[in-house]
Amino acid sequence: MGKDRVEAFSDGVIAILITIMVLEMKVPHGETLDTLVAVVPVFLSYVLSFVYLGIYWNNHHHMLHTCRHATGPMLWANLHLLFWLSLIPFATGWMGENHFAPAPAALYGVVLLMAAIAYMILQQVIIASQGRDSLLKKAVGGDWKGRLSPVLYAVAIPLAFRSQWLSLGLYVFVALLWLIPDRRIENVLRSTER
Amino acid sequence: MGKDRVEAFSDGVIAILITIMVLEMKVPHGETLDTLVAVVPVFLSYVLSFVYLGIYWNNHHHMLHTCRHATGPMLWANLHLLFWLSLIPFATGWMGENHFAPAPAALYGVVLLMAAIAYMILQQVIIASQGRDSLLKKAVGGDWKGRLSPVLYAVAIPLAFRSQWLSLGLYVFVALLWLIPDRRIENVLRSTER
Amino acid sequence: MGKDRVEAFSDGVIAILITIMVLEMKVPHGETLDTLVAVVPVFLSYVLSFVYLGIYWNNHHHMLHTCRHATGPMLWANLHLLFWLSLIPFATGWMGENHFAPAPAALYGVVLLMAAIAYMILQQVIIASQGRDSLLKKAVGGDWKGRLSPVLYAVAIPLAFRSQWLSLGLYVFVALLWLIPDRRIENVLRSTER
Amino acid sequence: MGKDRVEAFSDGVIAILITIMVLEMKVPHGETLDTLVAVVPVFLSYVLSFVYLGIYWNNHHHMLHTCRHATGPMLWANLHLLFWLSLIPFATGWMGENHFAPAPAALYGVVLLMAAIAYMILQQVIIASQGRDSLLKKAVGGDWKGRLSPVLYAVAIPLAFRSQWLSLGLYVFVALLWLIPDRRIENVLRSTER
């Protein structure tokens, strides 16, 4: 079975999430620049989630590039990932509306954690389907980023009730970690083509 | 005529439905975890509908895999299926907002029943277009799941006015029935490739 | 230049329009079947627009099938068509909310008329780009449906201020006219392949 | 790495933006044509943004046509462009709701300016990835439109606080500038194919 529709469907869902999330930023009532200031914290939380969804789309793009076929379990592991990603706008909205209060900041971490776990499951399902010479397995290698991220989310969740700013700092830190270009998969693919 | 745009359009519609449905879960006013508890029943009804839309996308993916060309009747049978699927968020929202009251639980069953019938019509249209050696016909075979599901929905609709929990149990049961991987189409395709 | 992205973009826009239009049907407050009755007229107007958007997608699918390349003017003629189609949900909503009052019924006709004209422009742009042996020109032939539809819309618009029901009857009539499968393009394509 | 998913994802995001923006035009309460008059200024601001998003989709379509592969930096430069484009509906809504007041008219220019800069960055990233014989570099050549547009936006932003109508005139002027078909890329591509 081809993987084209899995990519197309995932692209569709992530494109809708990333777009509508920004669209949900409500237009302020009032025509002065002051009214715009109130939107700034909401705007910043959307920027963070935009970057996170961008990272997921980017990594998903690379991951699916290593496989040629889509299996039944892969379809469901992918839907499972999309489900948790689809909760990001909800968590973002709750966090933004309550100016980064502890409970919303913790929930944001829970959603990020579940999405990270869902991503790891999808990765394992693809590796298992590729058998011994799995291209993806070689590509992710030690995968320290993939392993560190859920640990940091798990630390950030209870931490939010102590200091939500430390939690948010961890979320931003993990995002920056992934923004640094990840050439692992590209490198393995390139060396295979030779 | 190619079937690419039928797949692309269906992917688009289902991706929008599955995503926006979760987005419609309103952010609660209040920053404590208690306010989140009120969202739980709504959340659960969305999970059920997410799974149902996932099942339809999955089966649709497999079904269209067996055919190479799209005919006029197939385009309309597909739009008819998408129409009923597009009512799932409405039925989900009404059911969630009224905490699984009898009438909304019955309407949810009506939409599922109509979608199941629309799916069967699309299946028959494709089989008819493939002629005698229809790959899809071989693949679905006895199709006990496809035949049992509408019967169970038809039972669940009047049952909702007696006990909506029994109806909901039936909806969950049918969903689980389909979640068990359906290797029929994959098997036939694989044996054909040999 | 390929036409793939024109198709993908149009599929995306029409998929969003057709889906979100139905999603805009608001969940009624109240858990009895009576509350559902109030939604029926709104529902019916959405069904009509769903069918219209389905017809446009269908015809668009067939029309682009006859051409291999996308030119600059074609891209803009296509965007122009999508612009008028994107006003269908607005016109549908205004008509549904006001229970088919004269002015909204007339506006609905205006949007249908402009979309029909935009479709004809796109058709002419494609025919012009294909030159003498235009496959599309052969396919549409006399095109009595394409010519009759805008005339009927133009009649229906002023008629709405006399009797909106006659106008609505005309809109339904034109939709049924197009629902009857249009084998013209399919036939020409088939005879070309031989 | 293929560029298909970059195109598909961008098409998805722009299709959602362009469609939902028009959908956000609220249905007026009241069934007479007078109630429609109040929507006209909002409608006009949506038309302007529809044209702008159409121009971006069009140019994006041409630009990606010159490259065969998607690199990591290209994915992020593209996401960066999509981010600023996703703010166009927000700026449009704020401007429309406040009847083209100075601050909203200035913000509209800021978003256009940032999108134009993001587009230039994406263009440079693609040219850099193509190396010496960059097809895109030849195609854009002097690129006076691409260089003039951000200058005019930068002029229009402070000007809005003097006269928002002059600013709006500049926005309309730049849009018309791009609407004039840009055959540069098409020409270079054509001459290469020979």
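By written order: A, B, C and D. Residues from 1 in each chain.
The definition used in the following text is that a residue touches a chain if its C-beta (ideal position, glycine included) is under 8 Å from a C-beta of that chain, and two chains touch if they have at least 3 such contacts.
Please read all numbers here as calculations on a predicted model, not as lab measurements.
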Path length in the contact graph (chain C to chain D, fewest steps): 1
Cα superposition of chain A on its sequence copy chain B - rotation in ° rounded to nearest 5: 90
Computed distance of Cα centres, chain C from chain B, in Å: 26
Chain centre separation (chain A, chain C; CA means) in Å: 37
Contacts with two or more other chains, residues of chain A listed in rising order: 8, 12, 16, 20
Chain A to chain D touching residues, read off their complex: 7-8, 11-12, 14-16, 18-20, 22-23, 25, 27-33, 36, 47, 50, 54, 57-58, 61-62, 65, 179, 181-183, 186, 189
Touching residues (chain side chain A, partner chain B) in the complex: 1-2, 5, 8-9, 12-13, 16-17, 20, 24, 72-73, 75-76, 79, 82-83, 86-87, 89-90, 93-94, 97-98, 101-104, 107
